[in-house]
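Shared between the two complexes below is chain A, which pairs with chain B and chain C, respectively.
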Partner chain A sequence: MIAEELTRDISTAMRRLDAVEKSEGTAKYVSDYDFSDCLWARMVRSSVPRGIIKNIKLPKMPEDYYWVSAKDIPEGGHNYLHMIATDWKCFADGDVKYVGETIGLVVGPDKTTVEDLREQIEIEYEEQEPAVSIDEGVACKGGAFVNGNNIHCHLKLETGENVEDVFKRCDKVVEETIETGYQEHIYLETNGACCIPEGDHYVIYASAQCPFYIRKSIAPVLNIDPDKIVVRQATTGGAFGGKEHFPDVLCGPLLLAAYKTGKGVKMFFDREEDIENSVKRHPSKVVFKTGLDKNGNILAMDSKVYYNVGAYLASSFVVLQRGCFHVTGCYEFPNMRTEGFGVATNSFPSCAFRGFGAPQTLFAIETHMCHLAEMYGVEPLEYKSRYFIKQGDNTSTNGKVVERVMIPEMLEQVLKASDYKRKAKEYKYGTGKGIGIAFYNHGGAFTGNGEQAIIKAKCRMHKYPDGTVEILNSQTEMGQGFHTIIPKIAAHVLGIPVEKIIYKDPDTSRVPDSGPTAASRSTMIVGRLVEKAAQQVKERWNEKEFEVETHYEHPDGFPWDQSTFQGYAYLGYGWGVCVVEVEVDPCTGEVTTKGIWSSHDGGHLIDELIVHGQVNGGVIQGIGWASTEVLQNVKGHFKQTSMSDYIVPTSMDYPKQECFFVENPYEWGPFGAKGLGELVFNGSGAAYIDALSRAIGKRIQSIPCPTEQVMLYMLNGKDIEEAL
Partner chain B sequence: METKISFTLNGKKVSLSTDPLRRLLDVLREDFGCTGVKEGCSEGECGACSVMFNNKMVTPCLIPVGAANGQDIMTIEGVSKTELGQRIVQAFADGGAVQCGYCIPGMVIAAYNLLLENPNPSEEEIRLGISGNICRCTGYDLIVESIKLAAKRGR
Partner chain C sequence: MEETKCYMPETLAQALEIKSRVDAIVLAGGSDLMVSHKRTIGLTPVFDRPVMIIRNLPELRKIRVNEKGECCIGAACTSAEIAASTLVPWHVRQAANRMGAIGLRNSATIGGNIANASPKGDTLGPLYLLDARVKLQSLKSEREVLVSDFIVKFKTLDIKPDELITEVIVPYSERDFDYVFWHKVGTRKANAISKITVSMALKFNKDDTVKDFRLSATATGSKTNRSRDVENIIIGKKIDTALIEKVIQAFDEVISPRAMPEFRRESTRRMIRRFLSECARHPNNRVIETYDGYHMPGAIDPVF
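Moving on, here comes the complex of A and B:
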């Protein structure tokens, strides 16, 4: 960085600090480390979705080869992983609740021998009838296995008048169900970790988002202080939420294996193993009941939100909460009732995935709004515009929108660039051409006062005598660019070149816990702590060597009650508008995307090029979710188990995007920045489906919608304007 | 059965005795320390492990090392030291092509493979040239732009 760069606005693109080493192949991901002294481990997992383990028949273990299971947990230790809930077992014990549940590890020095031994293990089950889908879970198929009703978690929100009373005065009350499917993360680097005993503690190297989460989660297995576990994050090849809690599922068993053998133990999943046996985005079902006047105006809306949580709750209640808070999208409706249900099923537990529950409800409301509009013969954009939320308006949790909402400005940008209005008029329904539009937002950081009450983020900054400055916190780089923008923030505050700033991948023995790298919180919360720390360091710059520590403080005047979910859920939202244009082949149903235009409000951007990359990637991932990314669960088994049959977008599938931004500085973010990494996923799927639906003239109420499904809609689907 | 296998790796003659059915990917990573060669899918679908094999791009997860006998192999470790390879690396850094980076060595190889044959590719040709390489982070646009930048800088 040259001095001149420091005088430019912080948004001006800077070269990523990790770009060259990643491009030259010298960056070390966890499987690139030399762990040649460590033993290999392979997981033995349940092959049935629900059953009692009757017998485990092990082959004779050669010397130095081990079977590690729940029985090896020492006295005082616990057989659970402490994610947010503590129900996910480290090892199945007695029964199994999903296909892929960890039963034990085979551990030993030779990789092939470990694999051979694993294949010889025979597990006998008394199989029970599983409940796999949301409907089967709710119906308690095979008997309830959670809380007597298969509902892991539940919440209810209300605004305005009682919706049942309002429904009585409505001209019409319509019902619609919108469903979304599983989504697999397909981070290019599969999961892997290594646990090495060193003196009185254990060192873990992992591909992970949240090093402190791992410590906390697995320490109970040995009943040790989390400080006795040191987690060092290796360069992480993508995560998208899939490495938020899931690394705990590898690291818990590895910790016990290291304890039992006294040696380092490593485990790396191959792709098939990773797809079959890792967490996914929650499938969802949102049932709307909407009361309308004779002109089609919305008077009240009731929404029941069902998420397929899987066998264990883990972090899913928080996912469900975020889903319910976002069910009103970018709109203010007069009277709302929202109920959320986290449904227990005998499927692999669902967990974090970019958007954390918000994409499902946002897809549902956007799609429902289109269908209401079409039913009344109103252009969807015109219909949606009637309800745009503004600064000071009421939110789904009876808080207010604190910031200025720049939807009108963003809309103008994308309408102009896409020529939306002309095309929407010209492309008649069912003529093979369609253009669609979606509006979305994403509440930044932990809900309400969670950052202060639960996370209590801390950040340190150390000035060395040679004038270098080290940033110490637990945020991870997983591709999003955080380890470039944070030194950039510090450099701009301190007025020193970024080369003078040290910021390493976190090692929990060296850095304070600044919270997880999740929830679109890192820039707006931790970035702000870094900005403040840099201001303090700057004031004391003449001192030779010292360290400062900054703590998160929630602004006053925005109350939140976590027990009732009432108040200001989020102080800063990211906002987005996306337009997608498609053409459909009338014979084959193949869809060609002709254009993608988006505008986003991420506050004042820290780095326009990094943000541009986030938008491009998030938007395409969102369209993938809505179109080709089919992941079915049949009798508890994922049917798609490789990258040949789980279809993520390639470079040929979508045209170059046009991206716009608006300048809307956020009061409490560093240099005015707010969260954006999840926002950019949240709306492109709905815009794509809106366009596709108009092109074929058929109503689409479920995603993903791959070509074969498009064909079915073309043949048998309901007309787009039909009454709901 | 162990067999002696010799090939050229990044310009140097190398040989080893090993099972000829081992995957070339594993041999490159484990026996020669070329950890820039990334395993992504193990079935030739994602392109993360791409290397140059007699100056053509291949995925060594599908190639038994016996097939490499007598052949010329360049991994990212070698490609990035060539003028064209380094030009691509620098363009990727300037153009914002890199996020998590796991697909990137393979992408650099794909760009190298393309620009060797076609120094001035169109947008469509670039997209086709990297279509065997999956990236989950970028949505490809900035990778495509960076390859354009590398081509421009070579003119």
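Moving on, here comes the complex of A and C:
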């Protein structure tokens, strides 16, 4: 960075600091580390969705080869992983609750021998009847296995009047169910980790989003202080939430293996192993009951939100909460009742995935709104715009929208670029051409006062005598560009070139805990702490060497009650509008996306190029979720297990996108920036389905919707304007 | 685990000699075999028989036209080579051009695509359509057999342990027809496996009756489907709506898709209807349906 660049607006794109090492191939990923004397581990997992382990028949283990299982947990240690809840077992013990549950590790010096031994292990089960889908879970198929009712977690929100009373005075009360499926993260780099004993502590190298989460999660296995575990993040090749808690499932068993053998132990998943045996986006089912007057105006809405949590709760209650908070989308409705149910099933536990529960309910409300509009013969955009939420309006948790909502400005940008109004009028339903629109938001950072009450983020900055400055916090680079924008923020505040700033992949023994790299919080929360630290360093610049520390402080006057979920859930939302245009081949049902236009409000942008990357990736990942990314769970087994049958979009599938932004600086963010990484995923799927549904003239209530499904809708689907 | 014994002959004669005494698995591009035999990261694939790699046999890497004017494609020619050669009939080039991803097309071979005998094999629909034959050679013998007979059923070939597929001979090309059609419904627009592929070709007599009509479909049963009986319904007659529907109905009875049957049947019906009703209009454009996305230079244009 040259001095001149510092005088430009911070939004001006700069070359990513990791660009060269990643394109040259010199960046060191976890499987690139070479530790002498390190053992290989392979996981042995449950092959049945539900059952009692009757017997484990092991081959004779040669010298230096080990079987590591729950029985090796030392006295005082716990057989669980702490991932918000503590129900996820480190190793299955006695019974198994899902296909892929960890039973043990085979560990040894030669990886071929380890694999040969693993293939010889025979596990005998007494199989039980599994519940796999949401409906089977709710019906307690095979008998309840969680809480007597298979409901892991539950919440209820109400605004305005009691909806049942309002329904009585409605002209009509309609019901509609909207469903969404699994989604696999398909990070470029599959999961992998090493655990190396060093003196009286253990060092973990992992491809991971949240180094401090790993420490906290696995320390109970050996009943040791988390400080005795040092986590060093290796260069991480993508995550999307799939490496927020899931690395714990590798690291817990590796820690025990290192304890048992006294040696370093490493484990890497191949792609099929990773798809079959890792967490996914929660499948969902949202049942709306909406009360309308004779003109089709919404008087009350009741929504029941069901998420398929899988066998263990882990972090899913928080996902469900976010889902329920976002069920009103970008709208204010007069009277609402929302109930969320986290359903226990015998499937691989679901976990974080870009959007963290919000995309499911946002897809549901957008789609439901379209169907209400069409049923009353109103253009969907016109219908939706009657309910747009504004600054000061009530949210689903009886808080207020704090910031200015720039939906009208964003709408104008995308309408003009896409020529939406003309096309919406011209493309008659069922003629093979369609244009669709969706509105969405994403609450930035942890819910309510969670940043202050739970995370208590800290950031340090160290000035060295030679004028270099080191940023110390636990935020990770995983491809999203964070380790470029943070030095950029510091450089702009300090007025020094970015080359003078050191910002390394976190090592928990060196950096303070600034919280997880998740929840669209890193830029708005930690970026702000870095900005403040840099301001302090600048004031003391003449001192030779010193360190400053900044702490998160929640702004006053925005109360939140975590026990009742009432109040200001989020201080800053990202907002988005997306228009998608499609054409359908009448012979085959193949869909060609002709155009994608979006506008996003991420506050004041820190780096335009990085933001463009987020928009391009997020929007297409959202359309993939809604279209080709079919992931079926058949009797507890994922049916699609490779990149050739789990169909993520390619760059050939979509045209060049046009993206717009609005300038809406966020009061408490660095340089006015707020969260954006998840927002960009949240609405493109709904816009795509709206367009597709208009093109074929049929109502679509479930995603994904691949080619063959489009054909079935064309043949047997319900007409788009039919009454709900 | 035992190590796999691997042969790497340098000439066809050496390969046939090895085949005469060793029942070796023949590996050309490896894009099917290395995947189906892989173990986890960093481990060598394990085969239960010796492997003979024929990738670089010069005799198997040529594309030529024989004295009868038939296109002969060496069994170890890659999809990329086939897609780029205008000697190769249009339908075959189309299929080679959209097989998998670029990297795969640089290694996968036509011999391998046939030998894999998958109902989804990309080149099989065009090869069935154009009466293609495989040449099988052993130390002692040489024979030719129709691809459609060579693939006996799902993953099963009419081949003897000492025989090697050396060439694929395609006797017809787009020049033998007035109108051609090829449509692959892939899982996505690139790097895709076929959900269904329909290949068609038609030639009129001077009096507007149909001289020749051919239709094949992949991924619609345990092997690629083509039926002379169905084609004969329309041959010698003028195309009309009733006749089109008769062809559609008859072909529907030929195919037996197990997964996604409604989709596969209906899209096949609609594609046949589209092709035949377009042909009946005698449009100037002789390519009724093709892939309009990225293609290898020269891969897409027909040579009439």
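Rule of thumb we're sticking to: the second predicted complex is superposed on the first by the 723 of 724 C-alpha atoms of A that agree within 3 Å, B and C clash if a C-alpha of one lies under 4 Å from a C-alpha of the other, contacts with A are read in each partner's own complex, and residues count from 1 in each chain.
Methods note: a contact is a pair of C-beta atoms (placed from the backbone, for glycine too) under 8 Å apart; a residue touches a chain by one contact, two chains touch by 3 or more.
In this text, all values refer to a predicted model and were calculated from it rather than measured experimentally.
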Could you tell me if A:V20 is touching chain B, chain C, both of them or neither one (first, second, both, neither)?
first
Should A:Q621 be classified as contacting the first partner (chain B), the second (chain C), both, or neither?
first
First, second, both or neither for A:L715, with chain B first and chain C second
second
Let me test your reading of the model: by the given contact rule, A:N55 touches which partner, first (chain B), second (chain C), both or neither?
neither
Under the stated touch criterion, which partner chain does A:Y187 make contact with: chain B (first), chain C (second), both, or neither?
first
Taking the superposition as given, does A:K28 touch the first partner, chain B, the second, chain C, both, or neither?
first
Looking at A:R42 after the superposition, I want to know if it touches chain B, chain C, both of them or none. Which is it: first, second, both, neither?
second
With the two complexes superposed on chain A, say which partner A:S644 touches: chain B (first), chain C (second), both, or neither.
both
More residues of chain A in touch with chain C or with chain B?
B
Contact-wise, after the overlay, does A:D270 reach chain B, chain C, both or neither (first, second, both, neither)?
both
Chain A residues touched by both chain B and chain C?
31, 270, 644, 649-652
In their shared complex, chain B is touched by residues of chain A numbered 13, 15-16, 18-20, 22-29, 31-32, 185-190, 235-240, 270-272, 478-481, 609-610, 612-613, 615-621, 642-644, 648-652, 654, 656-657
Across the complex, what residues on chain A touch chain C?
31, 42, 111-112, 115-116, 268-270, 273, 586-590, 628, 644-645, 647, 649-653, 706-708, 711-712, 715
List of chain C residues in touch with chain A within their complex
1, 39-44, 183, 185, 187-193, 195-196, 260, 262-264, 266-267, 270-271, 274, 293-294
Interface residues, chain B side, partner chain A - complex
34-43, 45-46, 48, 75-77, 80, 88-90, 92-94, 96-105, 108, 123, 126-128, 130-131, 133-144
